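Per-chain numbering from 1; labels A, B, C and D assigned in written order.
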Amino acid sequence: MEAKEIIARRVAQELKEGYVVNLGIGLPTMVPRFLPKGVNITLQSENGFLGLGPLEGEPMPGVVNAGGVPCGLAPGAAMFDSATSFALIRGGHVDVTVLGGLQVDEEGSLANWMVPGKMVPGMGGAMDLVSGARKVIVAMEHCTKEGETRILERCSLPLTAKSRVSLVVTELAVFSISHGEFVLLETAPGISVETVREKTGARFAMADKVGEMALA
Amino acid sequence: MNKIVQWPEIGPLFRDGMTVMFGGFMGVGTPLGIVAVLRESRVGQLTLIGNDTAMPEAGVGPLVASGQVSRVIVSHIGTNPATGKKMIAGELDVDLVPQGTLIERIRCGGSGLGGVLTPTGVGTVVEEGKTKMAVGGKEYLLELPLRADIAIIKAKRADRAGNLVYERAARNFNPVIAFAADLVIVEVDELVEVGEIDPDMVMTPAALVDKIVLSQGA
Amino acid sequence: MEAKEIIARRVAQELKEGYVVNLGIGLPTMVPRFLPKGVNITLQSENGFLGLGPLEGEPMPGVVNAGGVPCGLAPGAAMFDSATSFALIRGGHVDVTVLGGLQVDEEGSLANWMVPGKMVPGMGGAMDLVSGARKVIVAMEHCTKEGETRILERCSLPLTAKSRVSLVVTELAVFSISHGEFVLLETAPGISVETVREKTGARFAMADKVGEMALA
Amino acid sequence: MNKIVQWPEIGPLFRDGMTVMFGGFMGVGTPLGIVAVLRESRVGQLTLIGNDTAMPEAGVGPLVASGQVSRVIVSHIGTNPATGKKMIAGELDVDLVPQGTLIERIRCGGSGLGGVLTPTGVGTVVEEGKTKMAVGGKEYLLELPLRADIAIIKAKRADRAGNLVYERAARNFNPVIAFAADLVIVEVDELVEVGEIDPDMVMTPAALVDKIVLSQGA
């Protein structure tokens, strides 16, 4: 199974019936495909609506996701302006946001919006999402293409938000973050704790029982 | 998730000492059925947050009269003599807040904002005890967020998911308080199936609504 | 002519085509009856709409003015929530507010919301209106029932807002306020400057040409 | 008051050095006809305020490409490489503002508020140079109002008075910027008579709208 699918499948297990969820671009948008049976969530889109659905048939005027790409509307969708959209986001009305990351550290800080001198796309809604969502899950590959770990004692890249991440899901492991330390909760099938340790740039505690990542 | 509840389920949601935000302006837009349930429930020591205490027999007036309220945070009490009498008798704390400031404070509470700077009240008794700041050469007061345990809302129509539509000036505080409480209870005149309210016409999105009860007159 | 009608007629002359106007309770609500021919204004009501009109026929559900009294809707009316209503008011989108007063002083400060120990109705939307409307006109009788002047060097009652009133219209006179002084612009038909001076508790300057109040 | 204008009347409303707020999110909800007029008008040294610089051929992208813009205040530039190139070349100042903060700053500018406290950006580069305040034990940044000389808006429908309705996610920044500019120009797909839009369904009240022009595709 591809790394991205492993991650998306595992993140999907975190979403419960009735949750309002905002998914960042890229990998996080794969998550809904793997929702457990019977779990219905409402997707929030920061460009102004609740009830984002997959595109079915022809694109409809004005029905686009936060990337500007045509999408669909779920039954019971509601549209609103951007001030309302971020009132929802910052006001704690989004249960979970799932975002990609460049780096996460043991303080729960996330860097995912710029690489100085290289990539400055702007933060868009990411800083508000990480500051405001009730639970922040980072879904990312454990290491960069160059093999550098993304899981660190301290992020070296500019932060998106400080101390807001509570769960990190990679293709190798699942960590929670609490009280300034990573806690290893699960390892992917066939991945040893030693492998995780080698590829992780921060110490981590072990959960009482380190389980195997459920990819159902 | 079924949000539709029956009237007997409403009363037990309230407890002594709770803070309750209510929609409505002079009683118009106030969920009168829920007020009646609160009245009958005999919960006490309530803090009410909303625009006004209406008239003795309108809006939240009956709760003031019954002595179930220990504090109100409102912009106006002039049309309900019972409010003033209880205030003077020391039975009721009344915080008077300018209407535009009140709704912004509620909006802050519901939007994760820590406060807002408003020119309203500068140079008046309203500024007492507040942080004053100059921005661009103009003075402002820092006004802080308000939140509640429960918001009670009146809507014209809800779909079964909880999307709401209000009617005319009965909108007023309702859509704003829907963001600012831990539990949001809506009394509606009309309940329709999901999909019957156009997404562009939703005034309060379903995600904010916890419980829906059908008006007894409806 | 009754004092109130004199005041309402004169205030109506201040309202220009296309103005957005918020009228306080009482005397100010008489003003629209006396609008000059061909002048169309839009009335804002702080309980959440633009386009307040007179009640015609049966009351309509939810169509009430800021006093909770059934009213009508003008063609092109728009309804909104209270946050939007006060965004309009504080944001300078209301051209004129006309409010009753208890006292006005030469700094342009208004007192109209409480009398300590006697009347504490609350300020409602008055403080926001006086702080935010582009132009604040006070429409009030010159003296109290007990004959005490309402036009003072300094208000003795708690203020509604400081230094925001630009025009005061009474049944005796019209004053503008600028740079900390009253300027007498007009006197009512048959009223002498001496009479105005006797009944006014502040010095006032004279306009270059003190005219007679137009009551058309 | 006739607010309906013809296309040749739009260009002369703009001047070099003006600040222009635009609706739209990745170009969706941006008045493309007005952008084209601005492009042809050759006014320069513009400051643009809006969500993003879209793509080179979408939204306000063409104005960035043409060099008519000297500053943008936006939340995102990543989808328009021209913006980044001009920024690096020193030809364009780019102020990046978190999206939720950007819309609140515009809301403050349009609502007479002096600023707002937001948790967004605390502990990041966004906090540089800003006042930081603690409220209820949580840290916030004070973010200040934004206003513009002109707001350019795209609506689905207008009545002749100027009441507006937006379509789906094309609403986004449009109704908020309508409060925050000295002159508000709206491009609409459809123009209807006064009374054809139900008062409850108006998303931007006519009082905020100065000029209406009919989309050429419509």
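The definition used in the following text is that contacts are C-beta pairs under 8 Å (C-beta built on N, C-alpha and C of every residue); 3 or more make two chains touch, one makes a residue touch a chain.
None of these values were measured; they are calculated from a predicted model.
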Given chain A and chain D, the chains that contact each of them: B
Mutual neighbours - chains that touch chain C and chain D alike: B
Most remote chain, CA-based centroid, reference being chain A: C
B-C against A-B, pair bridged by the larger set of C-beta contacts: B-C
Whole-Å separation of chain centres (CA-atom averages), chain A against chain C: 55
Gap in Å, rounded to a whole number, between the CA centres of chain D and chain B: 32
Centroid spacing, where centroids are CA-atom means, of chain B and chain C in whole angstrom: 29
Centre distance in Å when chain A and chain B are each reduced to the mean of their C-alpha atoms: 35
Multi-chain contact sites of chain C, meaning residues that touch two or more partners: 49, 73, 79-80, 86, 89-90, 131-132
For chain B, residues contacting two or more additional chains: 104, 107, 112-113, 118-119, 166-168, 171, 199-200
Chain-level touch network, classified as line, ring, star, complete or other: other
Touching pairs among all chains present in the structure: A-B, A-D, B-C, B-D, C-D
Contact footprint of chain C on chain D as seen in their complex: 1, 107, 110-113, 159, 161, 163, 179-180, 194-195, 199-200, 202, 205-208
Residues of chain C defined as touching chain D within the complex: 17-18, 20, 42, 44, 49-51, 73, 75-80, 86-93, 131-132
Contacting residues of chain A [partner chain D, same complex]: 45-49, 60-64, 66-68, 73, 79-83, 85-86, 89-90, 109, 119-128, 131-132, 158-163
Interfacial residue positions of chain D with respect to chain A in the complex: 25-29, 51-52, 54, 58, 74-79, 84, 87, 94, 96, 98-101, 103-104, 107, 118-126, 156, 166-176, 203
Chain D to chain B touching residues, read off their complex: 104, 108, 112-119, 133, 135-136, 138, 140, 142, 144-145, 165-168, 171, 199-201
